[in-house]
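Both of the next two complexes hold chain A, though its partner changes from chain B to chain C.
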Partner chain A sequence: MLLPLALLSPSLVFLALFTYWPVVEVLWDATHAATRRGTRFVGLDNFAALFADPTFQRALLNNALYALGTVVPSLVLALAFALALNGAGRMRALMRAVFFLPVMIPLVAAAALFLFLFLPGIGLIDHHLARLGFAGANWLGDPDLALAAITVLTVWKNAGYYMLFVLAGLQAIPDEAREAALLDGAGPWQRLRHVTLPALRPTFAFVGVIALLNAVTQVDHVFVLTKGGPSDATKLLLFYIYEQAAERYDAGRAAAATVVTLALLAALTALSLSRSQGPETAR
Partner chain B sequence: MISWWKGAALALVAAAGLAAPRPAFATDIELFFPVPVDGALARNMSGLIKEFNDSHPDIKATPVFTGSYDDTLLKTRASIKAGKPPAAVIMSANFLTDLAIEREIVPMDDLIGKDGKTQDAFTGQFFPALLPNAVIDRKVYGVPFHNSTPLLYINADHFKEAGLDPEKPPRTWAELTDAARKLTKREGDRTTRWGLMMPSNYDYGGWILEALTMSNGGRYYNEEYGGEVYYDTPTMLGALTFWSDLVHKAKVHPAGEQKGPAVTGAFLAGQASMMIISTGSLTFIRDTAKFPFRVAFVPMNVRQAVPIGGASLVQPAGLSAEKRAAGWTLIQWLTSPEKSGWWSRATGYFAPNKAAYDLPEMKTFLEKNPDAKIAVDQLANAKPWFATYRTVPVRKAIEDELQSVLAGKRQPKEALAAAQKAADALMRPYVEDTALRLPGAE
Partner chain C sequence: MSAAMQSGPVTREITPRIARWVVAGLALVWAVPFWWMLVAAFRPAGSGADASLLPSLTPTLANFAEAWASADFPLYFLNSAVLCAGILAVQLVTASLAGYVFARLEFPGRGFLFALFLVQLMLVPVVLLVPNLKTVAALGLYDTLPGVMAPYCATAFGTFLMRQSFREVPRELEDAAMIDGAGWWARIRLIYLPLTKPALVAFSIVSVTSHWNEFLWPLMVINSPDKRPLTLGLASFTLSAEGMQAWGLIAAGTFLVSLPLLAAFLIFQRRFVNSFLASGIK
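This part shows the complex of A and B:
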């Protein structure tokens, strides 16, 4: 009994120090207010102020839209890439590398690249649109388009990464299942619908959680591309927290927003993982 | 027996002392240095610091590049909290008030006194417009290092082509609108060339709007007190409506937020004929533009006026006396007429020290580059830069609304009321602690 504990203790110490202790500190900060004359206990006041803040509501909505806009398309793309490249003969390794390339570019570099692609008028996107006779757009400067522009970058960046997991999932499907379906006379669509997709369900539950966490925890590109603007259009939860803590010096509000974000993420993760239990027991 | 470990500890300390031989009296210091505008500033700064180190063997200074002005503020605050502040920081001039209120930077009067100077003699070296952003509550918190104002840049070829005289750039808002209309080119619905562009991203938009407001006769904030801004005023409404009309009525300025690099990019690519942007970009534009260009004062409505921009050198709180002294030596050296003059020629910023313009190198340079002289002349009309408690979020409050107006989502009047409300809420803790804290009330 003592040996396993002893072996685990280094990790436990680090977990406690860098994960659980900060959580305790965040809870303490969230229930206190730092005024110009010292710190005092304020109960749930910070949370009340947080939910009353229209910018926070906006950040919540933005993040929900962003999660929806990144998770679903990048998973669909990942599946499409994986299906296309699962067989794909001699060019297989090369093609996989091509689709995986965006993943290897650091996020900040990718964002800087898109900053120039998105430049109104002179950027690559507007340049080609103009040649086709379309008017360009102020992709990052129009509050209606900025979040969508950032979503496109994220999908482009992440789809290849999720493809890796789906590929692994595809290769784990036993050949017997496919052969049995073939003997039963199932066409390609029926095989995808009734064999491949159900078998991939645990993979998707896992990748879905990763994608969801990414949608909340990745903000580097927001820093590079828009700084949360124009007019709060790309303000995501993490950026909101950063602004409260670093620019407004409001540790209480930032901590409260952190607690809300953590709770949301924990709930969503628990929900997706519990749902993924279903098919495995049924199999 | 008890003291065996004391002896061991002493021996260890002594060994550590011997094992790390240090050059006699050398003080290692860091200089936080932002890269706010285009060009080869970082390379120039490395060269400057190398020169300092070679001429000061007792100090070893290291430049640390810290990104934009806003990022530099954050990193400085983080380093102060971590107890490892740099000996000097090149800090955006309008952050000094906030830092002084929070006691994160220290006044330099004791060091000035040690040099045998009075405060007046020290501050008298600089252009007067710079002082309200450096002297706070009668104490010297910063030494101006490089400063800027917005400037009007025009493409001389486009002017000729449109039948305008490039030697007579627009001087009033009416002339500016008129020229912008003539310079704008369209193909059907698509605009292929804009008459005028001005940046409206965070950090830049508020500054340009301040220039327009000042040109409209207005003030932006209370120069004496860090808790008041004048967003919801007729002068600012006029300025914001003017910008909005350029976009939505005259259609000579693109809609939505425009980032600084997009504006200079469009100007350099010939897709914008005029732009209002910092003098800090002057050297970059001069080196890059493939067409003749001119610079001029920012056009006025009521009066000729622009805000200063740029940065001062400050010292964070919590430095050891040794590091403070070394940092002060570096600050004195960097802001001397020779060095700040050299930096001005390398970047396009002004040298804040008036004596820099009496040096022969500067006179020759200005004769060769008359565009740099325009920028200096405009300094006579310059006013201090908006600085309050919580400067960055208070500035973002108006910039968010500016971006909404430029995108056509809000009308100027309601935008200004919303910005004023947000700014007042941000500054309330300070106002309640100072202006509203009356004797005998408690």
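This part shows the complex of A and C:
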């Protein structure tokens, strides 16, 4: 009993400091308010104030829209990429690398590139739209477009990562299943619908949860591109927490928002454990 | 581990042909931001062709020289390298020790402790920004590189990966070493670690990639400009160059920051891909 604990202790010290203790602390902070003489238990008051805050409501809604807008297109694209690029060949290898390269660069670097892409008037998108005879837009400055713009960036950045798992999932499909469908005279679309997609279901459950978790935990690009604006249009949960803590110094509000975010992540993780067989599909 | 980037001939038949043309078109679209970065980074400043995707006939390294000089990228590179190397060094020790315990030692409460480890997969440090920052400050590590490293020193993903691969090592090898009088450390070092090199490499690739690219947690911990890692340096450099409309500089800076991992990926594609697939195990 001594040896296991001794060998686990280096990990346990760090886990206690940076995983378990913070959860206790954030639950404490979320249910307490600062007073002149220390802190006072306030029950769910911080949560009531949090949910009454229009900015937080907006952040929740934004994050839900952002999650939907990134997860669905990313998964559809990942499937399309994987289906088309499964197999050998120089061009396919090249295209797989092209789709995967965005995964390798920091999200802030991707944001730096898209800063010019989205620049109104003279930016890469507007300039070429104008040459084709279309009007451009102030992609990051227009509250109706800004969230869609950062969604596009996220899909560009992550779809190649999800493609990997779909490729692995495709290769796990037994050849017999396809051969049987071929012998039955099924065309490509029928084989896709009745053989490939059902076989990929666990992969999608798994990748979908990764994508959802990413939609909550990746916000670096918001710092470079929009800082949550214009008029809160791109304020996501994590950015809201950052703002409450680092700029407004409202510890109770930040802690309550963190608890809500943790509850969301826990629910998503539970979903992933019950719905997918991650390890099997990932190999 | 399967080689997802390769495959046999049968899978091809499931692909409707039209999808392949659509995807080829998308590949061109996907390449545009990178292509623009390259073209803009090598274009002479003030040519007024910022949005052009045609490479300049007179390519120049001036943007790189200016970016390199104006934002202390050498120091940012050093900070990022120290961060990644430091995190990885500690992680390799903590993860191998814990992985060995969960793979080979029997004791009451093992399942519970393992589950307790796995909780960390969900509780990424960025979500626990505020309490973790308080802990870092209480330890006197605010505005230091060890402060950025600390939350990553224990790794549930690494522990899980090492446990899985240690389990595949034949137990007889360890038993033989035990009879020869080898202690636990000698057994881990001489038997388990050499035989699980692929897993160690996969873990190292994922660890270095994610910490090289990290932004929000270092942003919270680091205050002094001279302790910034590359991502923080690039963000502040980008925001100041944006004010000057110096797009060639931004492209060059972005390229500099992204280059090490991009180059490593292009050279060791297969290894990266397999490592990232392994990371999906979590």
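The criterion applied here is as follows: the second predicted complex is superposed on the first by the 252 of 283 C-alpha atoms of A that agree within 3 Å, B and C clash if a C-alpha of one lies under 4 Å from a C-alpha of the other, contacts with A are read in each partner's own complex, and residues count from 1 in each chain.
Please note the rule applied: a residue touches a chain if its C-beta (ideal position, glycine included) is under 8 Å from a C-beta of that chain, and two chains touch if they have at least 3 such contacts.
Here the structure is a predicted model, which means the values were calculated and not measured.
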Return first, second, both or neither, reflecting whether A:198 touches chain B, chain C, both chains, or no partner chain. neither
Report for A:168: first if it touches chain B alone, second if chain C alone, otherwise both or neither. second
Who does A:189 touch here: chain B (first), chain C (second), both, or neither? second
If you tally the residues of chain A touched by each partner, is the higher count for chain B or for chain C? C
Partner chain in contact with A:246 - chain B first, chain C second, else both or neither: both
Which superposed partner A:73 touches (first chain B, second chain C, both, neither): neither
For A:141, decide between first (touching chain B), second (touching chain C), both and neither. first
Just checking: does A:21 make contact with chain B only, chain C only, both, or neither of them? Give me first, second, both or neither. second
For A:98, decide between first (touching chain B), second (touching chain C), both and neither. second
Please work out whether A:269 is in contact with chain B alone, chain C alone, both, or neither, and reply first, second, both or neither. second
So which positions on chain A get touched by both chain B and chain C? 115, 122, 246
Chain A residues touching chain C - in the complex, by the definition given at the top: 1, 3-4, 7-8, 10-15, 17-23, 25-26, 29, 77, 80-81, 83-88, 91, 93-117, 122-124, 127-128, 156, 160-161, 164-165, 167-168, 170-173, 175, 178-179, 182, 188-189, 191-192, 195-196, 206, 210, 213, 216-217, 219-220, 223-224, 238, 241-242, 245-246, 251, 254-255, 258, 261-262, 265-266, 269, 278-279, 281-283
Residues on chain A engaged by chain B in the complex (per definition of touch): 35-37, 115, 119-122, 130, 135, 138, 140-144, 227, 229-232, 243, 246-249
Once bound in the complex, which stretches of chain B touch chain A? 70, 74, 77, 102, 189-190, 200-202, 254-259, 261-262, 265-266, 269, 271, 390, 392-393, 396, 399-401, 403-404, 407, 409, 426, 429-430, 433
Which bits of chain C are touching chain A when the two form their complex? 1-2, 4-17, 19-20, 22-24, 26-27, 30-34, 36-37, 40, 50-51, 53, 93-95, 97-98, 100-101, 105, 107-108, 110, 113, 116-117, 119-135, 139, 150-151, 153-156, 159, 184, 209, 212-216, 219-220, 230-231, 234-235, 238-239, 242, 247, 250-251, 253-254, 257-258, 261-262, 265-266, 269, 272-273, 276-278, 280-282
